[in-house]
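Both complexes below contain chain A, partnered by chain B and then by chain C.
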Partner chain A sequence: MHRSFFAQNPSVLWVIATLAVFTVAVTLLSEVTGVDVISTSFVKTLGKTLCLCLIAIAMDVVWGYCGILSLGHFAFFGIGGYAIGMWLMYARTEVIVIESLAKQPIPATPSEISDAIGNQIFGVVGSSNFPWIWAFADSLILQLLMVILVPSLLALVFGWLAFRSRVTGVYLSILTQAMTLALALYLFQNDSGLRGNNGLSGLQNVPGYGNVSQATISILFFVASAIALGAGYLLFAWIVSGKMGSVVKGIRDNEARVRFLGYHVESYKLFIFTVTAIVAGIAGALYYPQAGIINPGEVAPIASIYLAVWVAIGGRGRLYGAVIGAAFVSLLSSWFTGGGAPNINLGFYVIQWTDWWLVLLGLSFVAITLFFPKGIGGLFDLLVRKQS
Partner chain B sequence: MSMLLEVSGVSVTFDGFRAINNLSINFAKTELRAIIGPNGAGKTTFMDIVTGKTKPDEGRVIWGDRNISLLGMSESQIAREGIGRKFQQPTVFEAQTVRQNLAIALKTPRGPFAVLWHKKTKSNGALIEAVAEQIGLSDSLTRVAGELSHGQKQWLEIGMLLAQKPRLMLVDEPAAGMTAEEREKTTDILKEAAKTRAVVVVEHDMEFVRRLNCKVTVLHEGSVLAEGSLDHVTSNQTVIDVYLGRANA
Partner chain C sequence: MFRFISLALALALAQLLTAPVGATAQSLQNILQTHQDEVLKPGRRTVSVVLDDLVASGLPQALPFLEAWRDREIVQRTSDGLFFRATGEGASFILRDLDTDVALDGAEQLDMKEARPNGGVRRAIGDALVQFRLSDPDIAKRQSAVEAIARSMEASQLALLVGSIETEADPAMKKVKIRLAGMLGALFADTIAARITAIEGLTGDLSVDVRGALNTVLTSTPQVSMALPEDANIAAVLAIGEDISAVEAYDRLVSADLAPTLILNNDIHTALVANIQGDAVGGVPVAALDTDAARQVAYDTLAADGIVLARVTPDAQAQAVAAHIFYLQYSETNPAITDVARKVLTAIETKVAVNQSIDLGLDALSLASIYFLAAIGLAITFGVMGVINMAHGEFIMMGAYTGFVVQQFVVDYTLSILIALPLAFAITFGAGVAMERLVIRHLYHRPLETLLATFGISIALQQLAKNIFGTQARPLTSPDWLDGALVFNDVVAISYIRIVIFVLALIFLFLILYVLKRTRLGLEVRAVTQNPGMAASMGINPDRINMLTFGLGSGIAGTAGVAIGLYAKVTSEMGADYIVQSFMTVVVGGVGNVWGTLAGASLIGFLQKGIEWLNPSNTLAAQTYMILFIILFIQFRPKGIVALKGRMAAD
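The block that comes next holds the complex of A and B.
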């Protein structure tokens, strides 16, 4: 009866071992070691994919385990990206400005430096003043804190209002879509203080490490993403196993029963919603330095819908399913839309995958929902059953 | 003897329909009670009010030794006060094992963080096994609840209520869809449970009520029509008219 955590959750060790092997292999084959089989840009793609896997397991916990179909978790991902992006952009611009002003015969005053930084960052939206939300942008520690604080606060307030009013099912999904849409619309405004539709750019450069090659930086972020995914997997596996998992799955399957057993269902939903929002924020903070740019389009409602599609295809209600779904679909997506897949010439019509990929994705989503509700992860059940 | 639960002068209206009309009903600390009545008599609404699912328009619902009002408390608070409820349809967590179903119901701290750090203990394990014994599912602890038969699911849900250690159990049609043999066992479980707490059974099946051999309350149009032994209430002319007579009509 008292089996250890790992005996109850064999997938945890499998996933962590696979991640470790994968990380070492990619590092050895990258430009850093001189082998250069895996290009720096592909290392970044793989690192970004790991971040998507991380938000996918968060999505699986909130949807697959707790039954809350949130179609707004990319809002938290984007907020994490913006929070770290503000520091990256500020600190790097500061370095550049100080360097260029140092060439002047008269040393620049702090206010001149500040104005010059403001000009560099906000010139594009016709301003040079720092909006209040940039108050902590010069501090890495505080912006890292924002990566966690802002998503958790938004999730707490939104979740408290929604769950307290017992909004469930499709109505809740629509509300979460509205939340991420509202965030995108806010960010699109030039006077939001986050450079409107230009977003934040140049995030691939780490301030103070200007002479470190992108090859090295890409590997560092890749390894950090792998560690974050491993830690996130461990955290969520712990949350969804044991009694917490029992209650959370109970809420998914029969909310009223859980309530009449004396559990305050709303607190549990709020807990799961907030924890997954924080992890989504961390995933975003690791993703965007690898992507190099973040703009409001990233938190458009469609992004969160894709997230649900990945988890559904991978198989919800099992964490490794979410990892498989996110990795498989997002890599396939960049292969198809990046021109990797050969076009199919039907004679009378040429199927160009850049256009038709979405159709293929949509059809596979429908097919999986109808015929393999357990998703790709469900294949592992067949394996296990054959062994036993 | 002071009462465990006192419902007095309670009324509730849904869209102009008076589901409960000036209802007053009391339960002692240890008793077995059957509530019968035709469809629409307000049996389920009565349970909804006591368990906090429905807020009455007027009246009082007073609970326990401290005479606290249950009105204004949430469902989960009322459940923690010691009122357990079994639904008409068996509602168990079908994706989880019988043991997990019982473990979830055990009377342990209910907050998210307490649950997150919850450790299995020997005494809790023993409690689960004792309840499983009581409901005849000792051999099925590791089975997934979804695989159980209809009757076993009903027992499991009753078991979950017992694990919760409530002082009042509200049981909605426990014998529905059961075989004669299963009914007999259900009767035994409920009678045993009523030795240490109040058990209120809502039932349509007269034969089952007769076997419970307890005080009966007849509800009609949202208020109490008659109360007493089954023989007493079934010989009551109004009861015959509204309830039994209707079947003959």
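The block that comes next holds the complex of A and C.
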């Protein structure tokens, strides 16, 4: 008997509903409606967290369902951020430059304008010429296309090379880690054309919306992030639920057996790897306008390892687990490192959480891996079992 | 002029040394009295008179007087105008007679006038003294005099230096002097033949100052003219578009006043702004001036009215450049000298290039040994046991901090390093064993989760180190005898620390090979890694073996940490810097084989140095390309350089 998608996956409805209620609630309680219970900066934190949840479910699909422990998905996240950041920075600088050139006695020529923009953006790395990768920076549509195209191309090429030569397991993890390290090192160079160590900044200002308050912009991005997360969740739930999902899970459990059954394992892996890379890119494109700044440190290998840890803590192989893990750990992290947690006075020593939080976090990874291999999501299993 | 005087002075003083004291009845004080004003307030010109007379007198006490004069210790007594040497202040103020060096009693500071030679005069006196010291009996003084000449390199120094060579007793110093005289001769010898001989004498000398001297001989200046001058010594004729761009060429024409200045967009802009009349410039409305073409039209109208200079058309530019010839002209007029100098310099540069590649090879070797040291522990835990230990880098860090802590208690650096090496092994061995027992043992059947658990341990240990030792880098000081470098010649040198690291890497390699292949433990380790079940049924306890193996790998990482700490800074993040490279080293080399790790480290080290050599300004780019190369390499050899064959290879 054929059952509908939602009947097969009741959890999807629950997640979407929760997300919708959460989004509406945050919007109503924000500064925009005048209630002002949730500050603008916290709305931004929540919006960023939703983006992290989005890349976490992508990670869950690639690792928890397909068995590829990618330690490089933050590279795609960063590329998405850089792609949108280029437009934001270019367009905003253009507005400023045109404004200041308008004060001259005679109107500015196009080349004067582009020189002045180049000076503004690249002066910090001692250059004023536009590198070729900025060729499309003046067009929002093209840069949005880049958010999707560049990660998917990189994932396609990298994945094709790696899966074709049957690099698997730990080797693949180290290879993906090398990929994100290479990207980070490349971006750190001053002549990479992306302002080296300085990264792109001022991304919180949306050009053309100079009069709109940050409170409104933050809510817009928050809602957009929520919609993206919802859409991404639906997409991935659909991918992993059908016949394709079974093949993918089969690859995770025993790749050789699936291959002998006649499936072209490499194509499935490549598809999953590329789709998740695209979603990671979109998540990054939504994240960095809320963060306001992106620099090469964001794509350093450690970020991708953290991503794997979120998914592990939330519970691999279940999409809502990834959402819970990412939200739980990143919010808890900002609570502890932001000085929100009260210090503990032991009499002889005061535990300051800004110093000890990472120790606690590290040890809890160990504890969770050892004692709760199913993560926080595993708790739901207990609930369901009790009911039945 | 002045140099000549000081040279003559110095020569005279040099002779003085051997002349019998008291050959003349004249006293120093008498000479000074005849030049009271010049001694008290010497100027660049007036000082020469005093110096001349001092030289002519041939007095031995002139030398200490010159030193005192330069050091502003000469004073004049106002009451009788006599000069003295004054030292000390207040109660310890002492006056000494200039001729007899006897201290005067009851001198007072008050009625003294100080002689205050200015900077230029003091330098001149100093020069004279330097040259005088070339024959000083104290070798340290001769050394400093030679160094001073090498710094300034002036024509006047040549004769003096040559004169001092014959009497030089110390053979090493003699060599230095001869070499320096060769360089000075190449630049300043009187006859052309002498200069050519001097230049040829420099053949094969790799040092930077010899190359500098030859380059000075070959100094050339860019020139431009309608035709090549007949008599000039031409270095090269520049081809437009190859050696020099058309734009640069035109700029040279402008600066040589051979062509009118270019009117740039900025100039047009300024001229237009200055000439706005009403709402138009040159007949073009201001609002329409938003393209370069419109601006040029407006500017040309202004130029036609004679208000501004006319623009130079691109055609006129090209014609002007084509009508002239651009060349480099040697400052040295004699072609014979420049030819020889160029030949010698080319030969030297070829030799330098060869030596540089040897130096690069040594650099690569030491980088490879650092990678090897960082990865060798992993070669056991990851390579042999298959455990992904993300905390491996933190074991390196623990070893380095052990070295730092030991140095806080043991002041003798040699001893402290000797204590730290085994202590670091013991501590990280313990930590490794504890980690294996508590965490890794439970995860052998879930290898990817080992990665997460050990990553957790890694960030906890890192933060713990930060809490204990702070965020700033801690020094791990190497013993004095490790300072400096083994110098082969002016190009090839390798620091002793790098040699030690290389030797340590070799020791570790053979130690591990010995343990794995020649001991009971090694046999059991190999048995357990090949087939734990079978090994267990043979009476081997796999738990114990795994624990010991992991401890061994960790302990080696800790010992390597001490060595790496000597070379790099000790911070809580130092382990994280090496972890990705270490894993790549093991994977590239081939898992499960210590030789493979050696091959991987060599490949990565030499590759990185090689790419750096192609683009020396950018080490980041070198690392990026190296990683890209590794990614590609693994595509084609997924099992690494030294791949296991047969049953061992099956996962």
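Here is the rule we go by: the second predicted complex is superposed on the first by the 388 of 388 C-alpha atoms of A that agree within 3 Å, B and C clash if a C-alpha of one lies under 4 Å from a C-alpha of the other, contacts with A are read in each partner's own complex, and residues count from 1 in each chain.
Throughout what follows, a residue touches a chain if its C-beta (ideal position, glycine included) is under 8 Å from a C-beta of that chain, and two chains touch if they have at least 3 such contacts.
Please read all numbers here as calculations on a predicted model, not as lab measurements.
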*Which superposed partner A:Tyr186 touches (first chain B, second chain C, both, neither)*: second
_Partner contacting more residues of chain A (chain B vs chain C)_ = C
_Which of chain B and chain C A:Val170 touches, first, second, both or neither_ = second
*Name the contact category of A:Asp253: first (chain B only), second (chain C only), both, or neither.*
first
*Once the shared chain is lined up, is A:Met244 touching chain B (first), chain C (second), both, or neither of them?*
first
*Considering only the touch criterion stated at the top, classify A:Gly210 as touching first (chain B), second (chain C), both, or neither.*
neither
*Of the two partner chains, chain B (first) and chain C (second), which one does A:Gly338 touch, if any: first, second, both, or neither?*
neither
*Thinking of the overlay built on chain A, is A:Pro10 touched by chain B (first), by chain C (second), by both, or by neither?*
neither
_Touched partner set for A:Leu161, first chain B, second chain C, both or neither_ = second
_For the complex, give me every residue of chain C touching chain A._
265, 269, 272-273, 276, 281, 286-287, 289-292, 295, 386, 388, 390, 439, 442-443, 446-449, 451-453, 455-464, 466-467, 576, 580, 583-584, 587, 618, 620-621, 623-624, 627-628, 630-632, 634-636, 638, 651
*Of all residues in chain A, those that touch chain B in their complex*: 1-2, 239, 242-244, 246-247, 249-250, 253-254, 256-265, 267-268, 271
*How about chain B: which of its residues touch chain A in the complex?*
51, 74-77, 79-80, 84-85, 87, 91-96, 100, 103-105, 110-112, 115-116, 118, 120, 125, 160, 164
*Would you tell me which residues of chain A are touching chain C in their complex?*
69, 104-112, 158, 161-162, 164-167, 169-171, 173-175, 177-179, 181-182, 185-186, 188-189, 191, 301-302, 305, 308-309, 312, 355-359, 361-366, 369-370, 373
